[in-house]
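Each structure below is given as structure tokens.
Next come two complexes built around chain A: one with chain B, the other with chain C.
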Partner chain A sequence: MSGRVEILERRAGAVDIIAVKGRLDAGSSEKAEERINRVLDAGGRCLLINLCDLDYISSSGLRVLLAALKRLKKDGGVLRIACAQPQILEVFTMAGFHRIFSLSPDEAAALAGFSAGP
Partner chain B sequence: MAELTVRADLGALATIADFLAAVLAGSADETVFAVQLAVDEACSNTILYGYPGGERGSITIACTVEDDTIRVTITDDGVAFDPLTAPPPLLDVPAEERPIGGLGVHFIRTVMDSVAYARRDDKNVLSMEKRRPASG
Partner chain C sequence: MAFSGFGDLFFVLLQMICVIVVVAYLITRTASFTRVLDGLVTWKSQAILVLLFGALSIYGTESGITILGATANVRDLGPMVGGLACGPVVGLGAGLIGAAYRFSLAGFTAVPCAAATVLAGLFGGLIFLLSGKKFVGMHGAVLFAVGMETFHMGLTLLLCRPFDQALTVVGGVALPMIIANATGVFIFALIIGNLITERQTKAERDAYLSELERKKAELRIAHDIQMSFLPERLPEVPGLEVAALSLPAKEVGGDFYDAIPLSGQRTAFVIADVSGKGVPAALFMALSRTVLRANALVPRSAREAVGEANALIAADAKSGMFVTLFYAVVDPADRTLTYVNAGHNPPLLFRSGGDRPLELKGTGIILGVMPEADYREETLALESNDLVLFYTDGVTEAINAREEQFGERRLIETVMGCRDHPSEEIVDRVRRAVADFSGDEPQFDDQTLMVLRVV
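Right, the complex of A and B next:
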């Protein structure tokens, strides 16, 4: 059992959308990191991570999101996070990550943010 | 008191979360989430760094729910390590410059009301308490 996480990818125009569902813990974060890196390796520069159905995140999960943010910033890309539930947001806040990530209430708002620029 | 012993393997983290959800059923959602986070971070550290020789030990989680307090004790047979000696994370530096280490321990300290470490009988013993709000 490598953690209970489900990762779905799709595209909306130039934006790669990755939905992470379930638990993002030390057991499942490697899988999420691989999937995100695959999208970035393919040239993705506008990444929307949808956390609507994420039930749990630990510091291991945050580490994966931070690595993606660092990589995109270096390459002139943009990362937006959509729809994190209150308890997930609380973990972001505890880490101070609410100040360094672009957090949108839902996917539509995050997508609109891409067309408005970084 | 409820007790769970698991092999020190990352796959056990979801099992530990399920155990805590069952034991803490009836507590407020935020309380359950907080205890799950603290225990998950502590156990993740043990699994990732506690067995550098590659051998896999075991972790025991004991949980007691009282009217006003939840007590959790995590015991493992990994190398001696006091997580409370980890330096606090730099929360105000830019993302690009921030080291990620120490965040898990910061979460434990933040969500629990007390945390104490002891080394007993060649085992690490991390004892934590979380007060329960009157409403649950």
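Right, the complex of A and C next:
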């Protein structure tokens, strides 16, 4: 079940970019959480989560994003989410996440947001 | 035993080794030996071990192979191992027995042989003390055997006269004796080493099993406590037929449902899903449920009750914990349902005669992340035979062997297929449909369902 999520990491300057592809649900969110925590453990303070190719997110997936946001806020970091698809945005809206996350339409806009400050 | 050729020597040595293997096995399995391994030294167990290793020493003398009139033997083996494994008392005692027997046979090398046997036990015992009252291990033991037998040969050369005769004897037996004793000690060391490992493994396994047992008992208690948080019986609500079910994925889970009687015949129905699984989710569920109940009982609107509960839960939420919650107040007097949906997957309202259910979508953020969040509430008019299905995403996310999800479409089809049945039966049908769909796949997430039907 965890094989259905794919996570890619890149860096653009000081920004760590994590692209989450596939499905983020009860079975796969643990893997995503581990990868995100590894980046944060390594000192990453600017995290961009790219959801261009994320097809589905469940409450477990929301928890992973929320845990990352809380951790970064505590450490003075910034989290931005880029390129969430309509069905993902719908879940975000349902959960009220659009009010607590910085959502950008694409990666370039999200990266520009980092240089402009939180 | 007379030696007449290389084949014979090999055969006799093999025979001797077989006897040593059996004796080593038997001695190391005695209660006295294992007690000494555990550091429990009593006079009785030491006496038994003295006799056993002493007897082995006598066997060593008796089984000796005569080469050119001198006898190669493993007389020192018993005392050496007794000393190495059980300490100086056992080593010395066994040595004295072996030495006394050898001395009684007299002969050219009686004095050095008897002395070497006593010293073998004593030195073995000293090594035991130097190793911290433990068996020194395979390498140390074999090295000691080689050294001890070399010393034994030296002692013979030093004490026996005429020297030429002593030299002839030593020249003939030195190598076979060193090899035979080293082999004997090696066999003992192997068996003792195995025994120590085996006992350690067993001790660790026992500790692990009792820990596991304790944890299981704790989880059972946690499960019972958590189940006691769910309503034992749903309240009788005039004009409504209610049924609910919660299946945790583990012993304890993060889902809950509740039915809280309010003033004026009204009832608040709740379904909630705490993020995460297991004990952390269960504890957070207990907190959330209590906070929500306490706030529901204060006379106020649904949105105020949820908003206040959120502020309190957010103050306690750590590391990404949150609750998705659907809170609905049914008023039978004016047949309305007023709901607040805090990020919960939308319950489905099946209108009488409608073909598609209506989704009761979010009216605010999930609980626990924004202390100052505001919630909206929506009010619906209820009609006869309307059906509301509350569920958690563990139901729609149940997977089958092909990793397909049960999904909302199958859920709706299942409910439509038994729409006019009693609530309890609809809950049961959905449960069975999900179970049949998943087959042997393990349940990943808690599954909770509640059905309200307007009579």
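The criterion applied here is as follows: the second predicted complex is superposed on the first by the 116 of 118 C-alpha atoms of A that agree within 3 Å, B and C clash if a C-alpha of one lies under 4 Å from a C-alpha of the other, contacts with A are read in each partner's own complex, and residues count from 1 in each chain.
In this section, a contact is a pair of C-beta atoms (placed from the backbone, for glycine too) under 8 Å apart; a residue touches a chain by one contact, two chains touch by 3 or more.
For clarity, every value in this text was computed on a predicted model and none was experimentally measured.
Once chain A is used to superpose the two complexes, chain B occupies space that clashes with chain C. When both complexes are overlaid on chain A, the residue A:G27 reaches chain B and chain C alike.
By the touch criterion defined above, A:K70 lies against chain B and chain C together after alignment on the C-alpha atoms of chain A.
Of the two partner chains placed by the overlay, neither chain B nor chain C lies in contact with A:R80. Of 117-125, 207-215, 243-251 or 297-305, the chain C stretch that intrudes into chain B once chain A is superposed is 243-251 (criterion: clashing C-alpha atoms).
Across the two superposed structures, the residue set of chain A contacted by chain B and also by chain C is 1, 4, 25-27, 58-60, 62-63, 66, 69-70, 94-96, 100. In the complex of the two chains, the chain A residues touching chain B come out as 1-4, 23, 25-27, 56, 58-60, 62-63, 66, 69-70, 73-74, 87, 90-91, 94-96, 100. Interface residues of chain A facing chain C in the complex, by the touch rule stated above, are 1, 4, 25-27, 58-60, 62-64, 66-71, 93-97, 99-100.
For chain B in complex with chain A, the residues that touch the partner chain are 10-15, 17, 29-30, 33, 36-37, 40-41, 44, 47-48, 89, 91-92, 94-96, 98, 100, 103-104, 106-107, 110-111. Within the complex formed with chain A, the residues of chain C that make contact are 273, 275-277, 319-322, 324, 341-343, 345-346, 361-362, 364-366, 369-370, 373, 393-394, 397, 399, 403, 405, 444-445.
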